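Listed next: structures, encoded as C-alpha cells.
In the two complexes below, chain A is the common chain; its partner is chain B in one and chain C in the other.
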Partner chain A sequence: MAFMSSFEKGMEKVLVPIATKLNSQRHIVAIRDAFILSFPITMAGSLVLLLNFAILAPDGFIAKILFLHKLFPSLAEYQSVFIPVINGSTNILSMFIVFLVARNIAIELKADDLLSGITALSTFFIIYPPYQNVDGASLLTAQWLGAQGLFVALIVGLLVGEIFSRLSKSEKLQIKMPASVPPAVARTFKVLFPIIIITILFAIANAIINAVYPAGLHQLIYTVLQTPLKQLGTSSVWSIIILAFVSNLLWIFGIHGPNTIAAIREAMFTEANLENLNYVAANGSAWGAPYEISWAINDAFANYGGSGMTLGLLIAVFIVSRRKDYRDIGKLSLAPGLFNINEPIIFGLPVVLNPILIIPFVLAPIVNILIGWSAIHFGLIPPIAYSVPWTTPGPLIAFLGTGGNWLALVIGFVCLAVSTLIYLPFVMAANKAADVVQK
Partner chain B sequence: MMKKILLVCAAGMSTSLLVNKMKEAAQNKGIEIEIDALPVSEASSVIDEVHVVLLGPQVRYQKSQVDALVKGRIPVEVIDMRSYGIMDGEAVLNRALELMG
Partner chain C sequence: MNQHKIRIMAGQIKFLHDFFNMYEDAQIKVNVEQLNKVDMYIVVETALTEDETVRYVKEIFKKTPHGAALSYAIQLA
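After this line comes the complex of A and B, so read on.
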C-alpha cells in the first residue's frame, strides 16, 4: 500500500496540473463549451432523422414492427417533409460554433459576449467564398457552413473573440455618449470601432490569402488543418483506443476524463459524425456511411454505465460480491448507471486508486471498442451513423446509432457480457483484499 | 437571509443526485436552505448569490478557476471522495454548514 500511496502522490502531482491546464485554458474551454452548447441542436436534427426513417421508411424498424406500411401504403412519401430539419442543424453547425466560441472567449475576458459572437459570425462571412452569379441568381455555396467549415469557425471564433474583447476594453477606441443617451445605444457605439477594425483586418487578410491561394481561405484551412486531424482520428481504430485509454486513465485518478479530452475529441471526430449523418439523410440507411471509425464507437459499445464500462462492473458486483458495502454502492449506482452516469461507483466503491479495479476499468472498454469495430469492419453491422445522446442506456446506443439494426443490439449485449466477465475476477480479488484489510 | 449552497461538477448531472440527498437531509434536520448544482462553465452567473461553493472531486482541478471567481468572499471546497461516492447527503450538508459558520 505504501507503493500505491507514493505512486498516487506522484501521479497527482503530474496529472492534476495537466488536467487543470487543459480545463482552464480559455481557448480550449471556449471550444469545448461551444460544442457542448451546440450539442442539443445537432442531437435534435439527428433524432428527427432517426424517427423519420424508423417510422416513415418501408424498412424502418418501427415501421416493420407495427406493419405501418401495410396500414398506410403512402407513408414513405412523407419522408421528404422532415429531411430539411438537418439543414437547420448540422448543415449550419459552423455558424453556431463561430458565434459560440467568440462569445465564450468574451465571457471569460469579461467583454460584451453577444456582440463578440455576432462580430465573429460577420467575420466568418467576410472571408467566405464570394457570391456566384448563376442564371441571374446570386448563390453562396453551402459547402463551408456545416462540418467542413468547422476549423475556420473555430479559428475565426478564437481570433475575433480575443481581438474584440481586448479592443473593446481600450478607452481610446470607445465613443463616449452623454449620460442622457439610452444604455442600449451607448453599448453599440462603445464597440463600433473595434468591430470596424476587425472587419477591415479580416477583409485584408482574406484578400491577401486569395491572391496567394486562389481556392480561398476555407479550402486552405480544410486541406492543411482539418483533413489531417480528421484522418488521424478516423483512419485507424487505434485513435479511439488511445483516446478512450487516456480518458479512463484520468478517471482512475478521480479526474473527469471525457471532459478533459472533449476539445480534441470534438475537433477530430465532429466532421466524420456529421458526414455520416448527412449520408443517412441522403440515403435513408446507415449502411455504406463514409466513416466506419469515429468516437461514436466508444459510446455505442464501450461506455455502458459510463467511463470504464462500469455497467459490467455493477453486474459483476451483484453476481459475486458478498460484501455489504459493495452491494450497497451497487444498488445506489444502478439507476444513474443505466444512464451512463457513474460518479457514485467510481468514488464510492471506489474505483479511484483501487489497484485491483483500475485494471478492468481500462481494459474492458478497449476490448469492447475492438468488438464493436470488428463487427462494423467485417460488415456485420453498419457504422454508427446517427448521433444518440450519451445518456441513452447502453446497448440502445448501438441499436439506435445504426438506425435500428437488431444485430447491433445483440452485439451491444455481447459487449456488456464480455465486460462483466472481465470485471468478475477482479471484483472477487478486490473483495478478498478488502476482507484481508479489515481483518 | 436564506443560505445558498452551490455544487459544481462537469455536467451538473451527478451532483444533482447529491443535491437531492442533501435536500432530504436538510428537511430531516428542519433547516431551510437552497442547494443547486451547475456545471463549472455556468457557475459564474450565480456565484455572487451563494454562500459556499462545493466542487465534485472529479473537477477538483477547477478549484483555482472557482477561487478566482469568488476572490475569497466565500469558502470553496472539494467534496470528500468517499462522501461523494456514497452520496452521503448528510455529511456533505454538515460540512457545508460548518464552512458557512
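After this line comes the complex of A and C, so read on.
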C-alpha cells in the first residue's frame, strides 16, 4: 500500500502536468478538436454506407435476414444512390480539417475564427497541385482532398491559424472603416491585409517547393511525414497495444487517457481508417480492406463498457461479488455500461486508484486487442472497416465494423468472456480487501 | 438563494479540491463539505437551479488547464 501511495504521488507529480500540458497546448487541442468536430460527418458517411450494403446488397446481413432480395429482386440497383455519400464525407476530410484547425487556433488566440478558417481553406488550394487540362476540361485531382492530404491540411491549418491570428491583431495592418459601414463589411476589411500577406507568402513558398521538389508539397509531406507516421501505427499491432496501455493506465490514475492520446492516435490511424472505408465504398465488402491494423480494433474488441473493458468487470462483479455495495454499484452501472459509459463503476467501486483492479483494467484490453487482431490477421474475419459510434453496445461494434460478419460478433463475445475471466480473481481479491478494511 | 449539495468524483481529486475550495464568482459560492480519496462533497450557494448548478460547476472546471486533462464526474449528491 505504501508503494501504491508513493506511485500515486509520483503519477500526480509527473503525469498530471504532462497530461495537462498536452490537453491545453493550443496546437494539439486545435488538431484534436478538429477531428472531433469532423467526426459526425465521417461517421454519418460510414453509417449510410454500412446501411447501404447491409440492406441493398444481395449478401448484406440485413438483406439476408429479411430475404429482401427475394421480396424486391431489383434492390441491388439502388446501391448506387448512396455511394456518393463518401464524396461528401471522407473524400473531402482534409478540407474540413484545414478549416477547423485554423478556426480553433484563432478561437484560442481570440482572433476572427471564421475568416481564419476560410483563409486556411483558400491557402490549402493555393498550394494544391494545379488544374490539368484533359480533353479540354480543367480537372483538379481529388487525391489530396481526403485522407492523403490530411497532414498538409493540419500543417496549413496550424500555420495559417497562427499567422492570421497574430497579423490580424496588429493595428498597423487593420483597415478601419467608418462607424456607418455595416459590421460584416468592417470585419472583412479589418483582416484584408493579413489575408493578402498570407496568400502571397504561401504562393511564394509553393513556387519554391515546386522548383525544388517538382512532385509538389502534398507529395513531399505525404512521403516525408504522413506515410512514416501511418506505418508506425499500422505496421504492427504493438502500436495499438502501447496506445491502449497508456490510455488505460492514465485513466486509472484519474487522467483522461483517450483525450490525452487523441492527437497522436488520429495522426497515426485516421488515414488507415479512411482508406478502409473508401475500400468498402468501392468494393461493398470489408474483406481485403488495405489496413488490418487500425485503432478500430481497440473499439471493436477492447472497449466494451468503456476504457478498461469494464463490461467484463461488471459481469465479474455479478458472478463472484458477495458484497452488497459492489452488486448495487454493478446494477447502477449496467445500463450506461452497455453503451460504453463507465463513470458510475469507475468512481463507484472505485476503479480509479484501486491497486487491485489496476492490473485487469490494463491487461484485459491488451489481451482482447491481440484476440481481435489475430482473428483479422489469420483471415477469420475481415478488418474493421466501417466506423461505428463508440456508444454502440460491445460486440455489436465488431459485427457492424466488419459489415455484418457473424464470426466477428462471436469473437466479440469471446473477448467479453475473456475479459470477465481476467477480472474474476481480481474482483474476488478486491472483495476480500474491502471486507478486511470494513472489519 | 439556493443551496445545492454536489458530489465531485475524480482520481485526481486534489486538483478539483484546489480549484473549488472557497471558490466564488458572480454566479456561485462554493464550500467544500467533505474531501475523500476519490470524491468530495461541495455545498453551492447560488440562484441557479440544481441542474443548472451542476452544469455550471462542470463548465467552469472544464475551462481550467486541468479541465480536459482529468477524468471526473459531477452530480447532485
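Just so we're on the same page, the second predicted complex is superposed on the first by the 439 of 439 C-alpha atoms of A that agree within 3 Å, B and C clash if a C-alpha of one lies under 4 Å from a C-alpha of the other, contacts with A are read in each partner's own complex, and residues count from 1 in each chain.
The criterion applied here is as follows: a contact is a pair of C-beta atoms (placed from the backbone, for glycine too) under 8 Å apart; a residue touches a chain by one contact, two chains touch by 3 or more.
The model shown is predicted, which means the values in this text are computed figures rather than measured ones.
By the touch criterion defined above, A:Tyr78 reaches neither chain B nor chain C. Touched residues of chain A, counted separately for chain B and chain C, are more numerous for B. In the superposition on chain A, A:Pro336 contacts chain B only, with no contact to chain C. Touch criterion met: A:Ile36 reaches chain B, while chain C stays clear of it. Once the two complexes are laid over each other on the shared chain, residue contacts for A:Pro350 go to chain B and to chain C alike.
Of the two partner chains, neither chain B nor chain C is touched by A:Trp406. Contacts of A:Ile107 after superposition on the shared chain: chain B is touched, whereas chain C is not. Looking at the shared chain after the overlay, A:Thr20 reaches both chain B and chain C. In the superposed pair of complexes, A:Tyr213 makes contact with neither chain B nor chain C.
After overlaying the two complexes on the shared chain, residue contacts for A:Ile255 are found with chain B and with chain C alike.
Across the superposed pair, chain B and chain C both touch chain A at residues 16, 19-20, 23-24, 29, 251, 254-256, 259, 343, 346-347, 350, 352. Across the complex, chain A is touched by residues 9-11, 13-14, 17, 41, 44, 56-62, 64-65, 81-82, 84-87 of chain B. The touching residues of chain A, counted against chain B in their complex, run 16-17, 19-20, 23-24, 29, 33, 36, 107, 251, 254-256, 258-259, 328-329, 332, 336, 341, 343-350, 352, 391. Interface of chain C with chain A (complex): residues 9-15, 37-39, 65-73. Residues of chain A touching chain C in their complex: 12, 16, 19-20, 22-24, 29, 251-257, 259-260, 343, 346-347, 350, 352-353.
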